[in-house]
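Heads up, the next two complexes both have chain A, just with different partners, chain B and then chain C.
Moving on to the complex of A and B:
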């Protein structure tokens, strides 16, 4: 009895000590992957470029707020996370951060005070950045960004997610990769593309699925589920590898055009991707966007030529003859065909193709429903300044009609996605913020 | 005491085609620029969006895209003996309103003038002698030649996105294009649009008669297009809602599709809407302008906007009005022929034939503003003025622009205008009619001019501008000549019925029915300060930091739609300011 009690007591003490250690012993910071001289200086403009590549603006700037002063609400399944002020303001920003503290935030997800960041901050991906880029970014935020005194709302998730130390266990799963970029293959464009996609660009944060523990399921192409499609803010983030994916079907130049302008011969960047183009990708050099496209095209070896579905012409004939159209097809003719045409191909860079369009055929219907109801706007970019807008049809189409139209689109021109029910539409009637 | 805004390098009055062109060209020089637009802001979405824009009653009849006469208008009379009355209800011409101006609601027909039109007086003198020019016909030579303007016509066509088939590339005639056009350094940026059946039928008949049909050139995209600013157009679906409407699908060229979103990216450019410029302010010595005073509609007060350069880029009528109000150029006096501002107001002399075919079906639900085929066999450079007894010419076009039910339902003359007879006729003839139009020249005359009205004032207390205009016998002979040539061609197509509409001798200008919004002249270009208000660079002769753009520069109107020349002159002027004026502001001539 005593023995049993002693064992239990011992285990309890050990457990408590372990728990205390788990909670209170500071986490080791990963050291720099490259030992740069202390007086190393990033070339002029390099830090700002890394900022664009990392799309820091997207999360750390509130709607209408000062750049990088934080305060943007990021909705997560655990609750609302408020992005932090990353201007060099010593009081409310990161003015007091040393380089080591900054690096730890970037690649370990650890704040200067030792607390864990929520993984809304994509340190899983930033972990794959070079020390040069991290130093350049640190230099940029410390020297080129104006300090803004802006105390943002503290993130207050409900229990148990408010216990930040829990992230420590999560990190054991999520930070399985060594810090620093993936090994080079020797193909300069491919390697540069891989680096941007895996690291600063943090594409996998949206385009990889999530594991049961909400970690990114795949950080590099050696991971099976990497870039096989995910979800962000109710929108489907399409697969970027495999049969029928955009990188598989589109030419490298077409993908690069999409990245830098939000539009190409096939599609248009709507929703979250439009913001990525606006705040990040349009600021990259053409060479870098081509590198990203090169990597996406070739990460699984050169893909074969995609096959064209014969059903495309069936739909075109049916719409052209326009006899006995069902409701969805009739609505398409009345509302959509003027721009997207009966062949569903639209027009290069201005009217997106609807055949084999991932927004149209996505498992999550939110993207398509949003575009039909509330329209869409492309960002004004350097190469394509026009803020192309499609108007919404919320005031013109009932839920029954939207569902019929969506069902038509999801099954026309060789598209093969399940129908949509009218009861699913109501949830999207309120404009997305 | 007017509010005063911070000084700018450039103030642009009006943000339509020419304002947008000057804005973007000067923004590239790094100048601080503000554009002041009388009307509201407008963008394709939401302002022109489908299906709201496709509303004939609202836009086609009630003219919701247009200038409101209660805000700004002119008075009109036909001769010195009449008392001019305010143009209270838009009819004969339709000035636009809002950002994009008339460039949003035009049909899209885009032409260059002929080289001969640019030096008309010399062309006549060389071929027939100046004595054939009637004494009161005040035509002249433009102080800039076609050859000088050619690169700027080409530039505007590339920016605006014009579809067409070239007929003359560097002197080499091209099959299928207009063999009588001025030379082009390059082909149109987009191939011509397909034509509806009426245009094709006309082209077949014209060809059989020995004429030279070619597709209408238009600022309507025949394919997806990207211009030098990265701005875009989408291929047109021929919905037939061009003139009087904004294009809902980025297919009609306009400042919105060609320039504005690029211009708005420049941090040194800004624009203010609902800012109606009241006058240009002058320095004490009267030799330069100091800026403009405008009425801020939202604040309800006058504002002084100082600037080093003033660009007048409003509609022709408003440009001339501002110049008359501000003392730019000596006002033209019709009695003495002296003075320059208000001189050579020009318009357009049009006519046409409508044919009815029981067995032809022209699908009226397809059309564009620049649809169909044209011939230029009776153009300015193809007429023997000495033999025919008039100076002028016309291009002909056939191609339905729309089948809108209120205004586009041609019926045989004599049909009742309402009731059972009308209904029967509509049932019988809708979709069975086609027409050919002659778009003709209108010369400049000592008697057709603009000045300040002695009686009527606007809501700001400024005198309205007075238009004195009437048809002239020379131009009526021109249109009657077209009738004599067009009727036989129409007859050759064997219609069941046909009817003509050409002005007859003694016709008086009627301001009520719509004719054309091609108002020209009033601040014409000239080689010397005593013959026009601006020099060859659109620069006011007497105020070197004031530039006036647009069709007001036309010495005489051309036989064509004016936009191509307006756009070419704007790029020509922008080039002169950039290369000659900015480094050393002075009179350039």
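Moving on to the complex of A and C:
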């Protein structure tokens, strides 16, 4: 909380300092990175595909509401930000947007009336999209999406966060990078993967850390902290590069399976990542998910040799003998071993591995605590329609027990993460949503 | 925490827990607590009247006595189990076919033929047995000495206590319910503290013994676990 206030306050102070500049200099819209002929048409289906890659529907559709008609509440300590109606309705949607205005919303975070958008809209990342994709999107929203007259509640944050011009200063930092995709390397799969990850896929929005000013710390691999891990609502969004990261350890095909189905031999996509798979990645072609996997892998090269073998056996033997179990290990036997087994390896694509699993060893314990207390469910995807579900244990385990169990998991089978205290669990008891 | 108007927790702000809870300052203090074991002498029967309760306490105490090397029906809270069972689906025969025609005197091999539900059978049979005891032994069942009670129970089992056809299966039902209360999961009120399971070495509802399948002649070192996760 303090961090947030300090950070937003920081942005606001910056804002105050440059107030005059903000108020008097008109906003600048970035010009198209490619000069396409006026009559350029996106191929059939291209716009919808980019929409899936960019996951627009997830944010711009209210629970149970018409697609893209806005009104999804995004809560923040400063108040609720409401996603807006992006159907082509002229009155309440973006029907009146010209292509230039639409592009500005996508890559500069500037609304048609010149006001700045809150960066809940990931324009930092969309800035790296091609003009072709932006035009395809524009065409899709204008021609294929049905207009819905739906006036969404206006976002009214408390002072000073209601001063949208303050975002302008923030944008100087956050939008320092050129618009348009990173330079191609010539490797088609790598380049395609890089493009999807950096641009429409906005993976860095969650998987990169944040700077002091809350801008994404790393938008492309030229940035040191790019995809080195971030945090979303108490969950750890694990590093997607570096020693021991999933792309480092998993085979390219395993990664592609995770992206398109939310599951593979090692892990399962939960929390925000489950939604990303459900709403976005499962709709991409297998080639594109392989391209993303190829790109992520290529940042790290070949995997090192797994090092956990010996520690893994020690835990497995202890659980098998079952003679001297501490509370955490005992709870694992009583509650979890039926599915995740004493070797912590589960069963490929059904019960995730808990050995060397990022959700188990994450620095933020929110993911693991949530899964244990409230259970987890994998989305149904085209390739793997079965919604795999794990039950929650909130009624069964006390805070002491959850903490002991988590501590066990975080140190079992070669996992090496700090213990968890019972006092940390209470915050997660309120059910998600 | 990384919430700014930028990337609060997107969408459902979901899983909100940490941030949301910390911010709004409302943390659910809830902690899963195992239900405290029911004390028999403090238990208020829901189905049984005082007279019936006295009968059930006395009868189950003789069916599984307390002076053996394991827990008796009383220590295991069997009467509580039966009281709850009779207020529930079993007692009221909710999912049985209970329409006529009824021929309560039909061959026992033909199954449940009485028009009465199990709860109604207890209700009618207990006064009938008590009346028989008064006539035969000069006191109601609960007031007889233990060895007299054993005699009565044996007589009931052998069919020597004359009961109307509608309630003739009372002893069978009582014995069955007593065993159920002794061995069922504690969640249903009996088998208090999983004492019956611990006594016979039953490992409980852990549901996973894969590592033990091939390991013969090794004592299983863990005590039982109940459905609600308690350990004994």
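By definition in this document, the second predicted complex is superposed on the first by the 397 of 433 C-alpha atoms of A that agree within 3 Å, B and C clash if a C-alpha of one lies under 4 Å from a C-alpha of the other, contacts with A are read in each partner's own complex, and residues count from 1 in each chain.
To be clear about the criterion, a contact is a pair of C-beta atoms (placed from the backbone, for glycine too) under 8 Å apart; a residue touches a chain by one contact, two chains touch by 3 or more.
Quantities reported herein were computed from a predicted structural model and do not represent experimental measurements.
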| item | value |
| --- | --- |
| Partner chain(s) touched by A:322 [first = chain B, second = chain C, both, neither] | second |
| Which superposed partner A:205 touches (first chain B, second chain C, both, neither) | second |
| Which superposed partner A:427 touches (first chain B, second chain C, both, neither) | second |
| Broader residue contact with chain A after superposition on the shared chain, chain B or chain C | C |
| A:369 touches, of chain B and chain C: first, second, both or neither? | second |
| Chain B versus chain C as contact partner of A:398, first or second or both or neither | second |
| Contacts of A:347 with chain B and chain C, given as first, second, both or neither | first |
| Which of chain B and chain C A:338 touches, first, second, both or neither | both |
| Touched partner set for A:74, first chain B, second chain C, both or neither | second |
| First (chain B), second (chain C), both or neither touched by A:188 | neither |
| Set of chain A residues, in rising order, touched by both chain B and chain C | 335, 337-339, 341, 396 |
| Contact set on chain B toward chain A in their complex | 43-46, 49-51, 223-224, 226, 229-235, 237, 239, 248-250, 257, 261-262, 264-265 |
| Of chain A, residues touching chain B in the complex | 261, 335, 337-339, 341, 347-351, 375, 377, 380, 382-391, 396 |
| List of chain C residues in touch with chain A within their complex | 1-23, 26-33, 206-208, 210-211, 220-222, 225, 228-229, 231 |
| Complex contacts: residues of chain A adjacent to chain C | 1, 3-4, 7-8, 11, 58-59, 63, 72-78, 81, 118-120, 122, 157, 161, 167, 205-206, 210, 214-215, 230-235, 271-272, 275, 319-323, 325, 330, 333-335, 337-339, 341-342, 364, 366, 369-370, 393-399, 401, 426-430, 432-433 |
